[in-house]
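Chain lettering (A, B, C and D) follows the sequence in which the chains are written, and residue indices restart at 1 in each chain.
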Amino acid sequence: MDASVPYAEVRARLAARDRGLRDKVTTLEDAIGLVRDGDHVGLSGSTLSRTPIALVWALIRARRKDLVVSRGITSNVGEWLYASGVSSHVITSWFCQGIIYGVSRVVRDFTESGRARFEEWSHMSIGLGYRAAAMGLPFLPTRSMLGSDVARQVEGRFRTMTCPYTGETLGLVPALRPDVALIHVQRADRYGNGVIDGLPFMDVDLALAADRVILSCERIVSNDQIRRAPDRTKIPFFCVEAVVEVPFGASPHECYGEYEMLFRHLDRYAKAMRDGGVEACRRWLDEMVYGPTSHTEFLERLGMAELLEAQQSGRRMIWND
Amino acid sequence: MDASVPYAEVRARLAARDRGLRDKVTTLEDAIGLVRDGDHVGLSGSTLSRTPIALVWALIRARRKDLVVSRGITSNVGEWLYASGVSSHVITSWFCQGIIYGVSRVVRDFTESGRARFEEWSHMSIGLGYRAAAMGLPFLPTRSMLGSDVARQVEGRFRTMTCPYTGETLGLVPALRPDVALIHVQRADRYGNGVIDGLPFMDVDLALAADRVILSCERIVSNDQIRRAPDRTKIPFFCVEAVVEVPFGASPHECYGEYEMLFRHLDRYAKAMRDGGVEACRRWLDEMVYGPTSHTEFLERLGMAELLEAQQSGRRMIWND
Amino acid sequence: MTDRGRGGYTAAEILTVHAARALSDGQVVFAGIGIPLLAATLAQQTHAPTLTILFEGGIIGPMIEPGRLPPSTNEARTARKANMLLPITDVMLLLQRGYVDYGFMGGAQIDQYGNLNSSFIGDPASPSVRLPGTGGGNDIASLAKMLVAMRHEKRRFVERVDFVTSPGFLRGGTSRSASGLLAGGMHRVITDLGLLGFDPETKRMRLEALHPGVTVEQVQAETGFPLLVAPTLEETRPPTPAEMAALRRLDPERMLTK
Amino acid sequence: MTDRGRGGYTAAEILTVHAARALSDGQVVFAGIGIPLLAATLAQQTHAPTLTILFEGGIIGPMIEPGRLPPSTNEARTARKANMLLPITDVMLLLQRGYVDYGFMGGAQIDQYGNLNSSFIGDPASPSVRLPGTGGGNDIASLAKMLVAMRHEKRRFVERVDFVTSPGFLRGGTSRSASGLLAGGMHRVITDLGLLGFDPETKRMRLEALHPGVTVEQVQAETGFPLLVAPTLEETRPPTPAEMAALRRLDPERMLTK
């Protein structure tokens, strides 16, 4: 959380970006070329929902390293980042495979041994950090996190002030400014106007906070479709650097209104991690990330039957029932 | 802008409110009974759009007095509040009849003579004031309004601080906390879940900032309709105290997707004000506000032909073309 | 949860019924998944039909269907047919604004001042277990009055938590408000042995009521610090047939109440 | 606007064409209604097809149809078929975040340091005219580099504005940044007589270019303070036939360019 960056530098970075209404559609591989070693990368969604799995998949294959990764709540995708060596520093409020899978053996192994860092902030503080950055502010005040050991662990970055109006103590959450945000949405146009159905999580703030945004989407729609309902656009095109169309781009996680998570795959994965820990995670990466020659092949390995079933139930519960 | 209210009092006021999922549908007159003399009242919409005209109409008829009124941008509705004696203190960023009608003779008359006050803040500052209140904060930092005479006029309330992270000077906008918000939306259910099509203006923050919310809507829909698309709900029911169904509830102003403004009426009104000033405004109030026996009669006096035409063109441009 | 129930009820059933009774009609509760959600839903089905549930994922007033309790706070199954979906930061800010009557969570480890730990077991600098962390727990406990439902075991009720993830009364007395936490605080801890509150002055945990058949000594034996006892110690009413019937409808497969 | 044009063009046409030229392709401009919007749209139609317009009402990338320029920044006619609609506070915050290349407004009264007044004529404590006020003007001028398009008249170009509604360089020199305004500032004032900038050190207004046929003396005569003149004073290129044709398509009834 780099709140000490002078405003002039924040502005200069943004001024250098191309914000024109231009076609940004590209491939997964080219899009991930925008991520540099050492970058701070923010991820869309929460836990097992609307995670930018395809983008993270490409990121791991590209063997980026020394990334700092932030997200409101981090699930098994964080295990892959640790185990692949892409990141050894995750900023988040909660980190394990998913609520029903209990404590993560992979996270424990990396963090308890000191090989990786899990920097813990409260959930709202992660959100306020993105929001401060999105607002062009160095911090936002808060009445949370005060007095706790969570605050003590990040002392100096989490600060307090005396409110000049009330005399009360307020906490200050510093701006959380990813170099790159990886965001998966249901629909986007070629310019990067993004539409999110269902839960928006922290993604609108994340998009505006980051210096670059890579947007993957289930499908690319025409700009005319976007303009038909401009009050549905959640991410403005001018903050987006690249647009990639990736059907099932969040599988094996879920995408609201499109497909449910792949419960059987996740259950098998969870059992493998419980039994085999970090080594099992590396085997999963070999099989699912490094092994396939394309994202389509990754989906094939997830399994056509389960994908179709997830799509059927995921659509039905939102649009049909 | 009462940022010095202790947090304990802010919390106590909210804790005393009934936030249950209950039927809140009532009449214009009963709803306006929730406004007390001396209250600070925030108004929805902007300029000539989605103004809670029917609620203001009922408010003037109820002869409330000493109200402080706030809004991002204030148009002819503010003239009515001055001329009726309902308010002699408007907090806003811009105040005349509407952009094409030039400087307001009524506003000039009241403010230049010192009979009423137009407390000027920048547009974003009004919005940040509502947002601070909506967030449960005493203020929000800003990089705007610094150095200007707009800030100087409200010194002591607009403050500055040195950012502990960057050493930079930041402005502080105090929370703007209406006692009551009057908000007009396209659709709401009986519990007060409100849906806004098109431009949301500052209304979501306003609803959460206020101590009481009176919601008028073009039509009441079932809770089932709301639950069909919960990502469209913009105002949560638990901040709403009363719901009133008022077709054409923003006429002669516009309501996105429902009807345009009544251009001919507004032109006639503007000419009358230019020619007759405050006296003409009082005559308009006699004819249009005090005279009718019901809001339906108010609409009749606006004129069926112009209302139908405004509805036809207002719907057509959003939904048909 | 292995059974340690009484009077024919499982421990989880006792926990859930008493947790539900702590909620009143018209209130807004920010609920965690599991027993808190089950209890809030039970309250809706029995005595609190206009109770509203909020979830951390950004959900207001979800559509909870008996037999289909959602498994997490932020997935489509939980979000569908809610009254409103909104960003995570904004649903958390409703706590700060004051819209929420109670935060309602389970707990892994609690201390005599009601502080909760879900971050580290052992020394945080070199932990024996790195737990999943706060999630929204810290925010909820910082900003709302708290109900905690948990199994009453000595290893969970400790004198001092290894790490204050979610603040209770910190070091007791006025230390919570002195830190800037001006609202909320631990209200009640509901366990399978009884109900606990906090001494108004010292803010130390205090036994307020026992479930039928439980003794003070039993509770003390399962508590890792000397327990205060309220001047008038109540006995709780056992679950009623109506409550149990509603509970069975909500959790017919007894996923949560076995 | 009464005509004071040259070479067969009206003053408003000259203003609009030169204002359009100040914008480049790919930029984001936060535009006011009237000449600024017309100029931004003209730029889109000529040399800057991917220029994006923002409106204060909460509108990103509106659908501007030739002959149907919207009359205000926040009504349905302006919002329809935009790329995105968002709350007012959030569209203003895009300025603070830095997404906007230029704020672009008209001006009623400007002073030698580029400060704009739209609040009071006369003493603010007892004004001769209470004007409509800042709207978003203060925010735009505080947070973005500014283009101002206005009629060049002595009563509008004053030594010191009665009230600083929208900050330029305040009292010149480093006074703007010293007040905490660390970005933006007056970039260019475009008038029917020429183009004006600001001295890099003193921040006093400086004549940078003259429209064909205009002299320095004429400009000084219409300016209420001593005008600096750039070392190399340019002459602007007159409107081209292509620019004029595009302008006529945009404003066929000459509502804005008469």
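Keep in mind that, in the parts below, a contact is a pair of C-beta atoms (placed from the backbone, for glycine too) under 8 Å apart; a residue touches a chain by one contact, two chains touch by 3 or more.
Keep in mind it's a predicted model, so treat the numbers as computed, not measured.
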Task: Of A-C and B-C, pair with higher C-beta contact tally - done: A-C
Task: Distance between the centres, which are taken as Cα means, of chain D and chain A, whole angstrom - done: 40
Open item on the list: Taking the mean of the CA coordinates per chain, how far is chain B from chain D in Å?
Closed with: 29
Task: Overlap residues in chain C, where contacts from two or more other chains coincide - done: 59, 79-80, 85-86, 93, 96, 143, 182-183
Task: Multi-partner residues of chain B (at least 2 other chains) - done: 6-7, 136-137, 142-143, 168, 170, 198-200, 231
- [ ] Report the complete set of touching chain pairs.
- [x] A-B, A-C, A-D, B-C, B-D
Open item on the list: Which stretch or stretches of chain B touch chain C in the complex?
Closed with: 6-8, 10-11, 14-15, 18-22, 134-137, 191, 193, 208, 223, 226-228, 230-231, 233, 236-239
Task: In the complex with chain C, residue positions of chain A that touch it - done: 46-49, 72-73, 92-96, 98-100, 103-104, 107-108, 111-112, 118, 120, 122-125, 127-128, 130-131, 142-150, 153, 160, 168-171, 198-205, 254, 256-257, 260-261, 314, 317-318
Task: Contact set on chain B toward chain A in their complex - done: 3-7, 136-143, 159, 161, 163-166, 168, 170, 172, 174, 196-200, 231
Task: Footprint of chain A on chain D - complex, ascending - done: 25-28, 50-52, 59-61, 63, 79-86, 93-94, 96-99, 101, 143, 182-183
Task: Interfacial residue positions of chain C with respect to chain A in the complex - done: 33, 56-59, 71-77, 79-80, 85-89, 92-93, 95-96, 119, 124, 126-139, 142-143, 163-167, 170, 175-176, 179-183
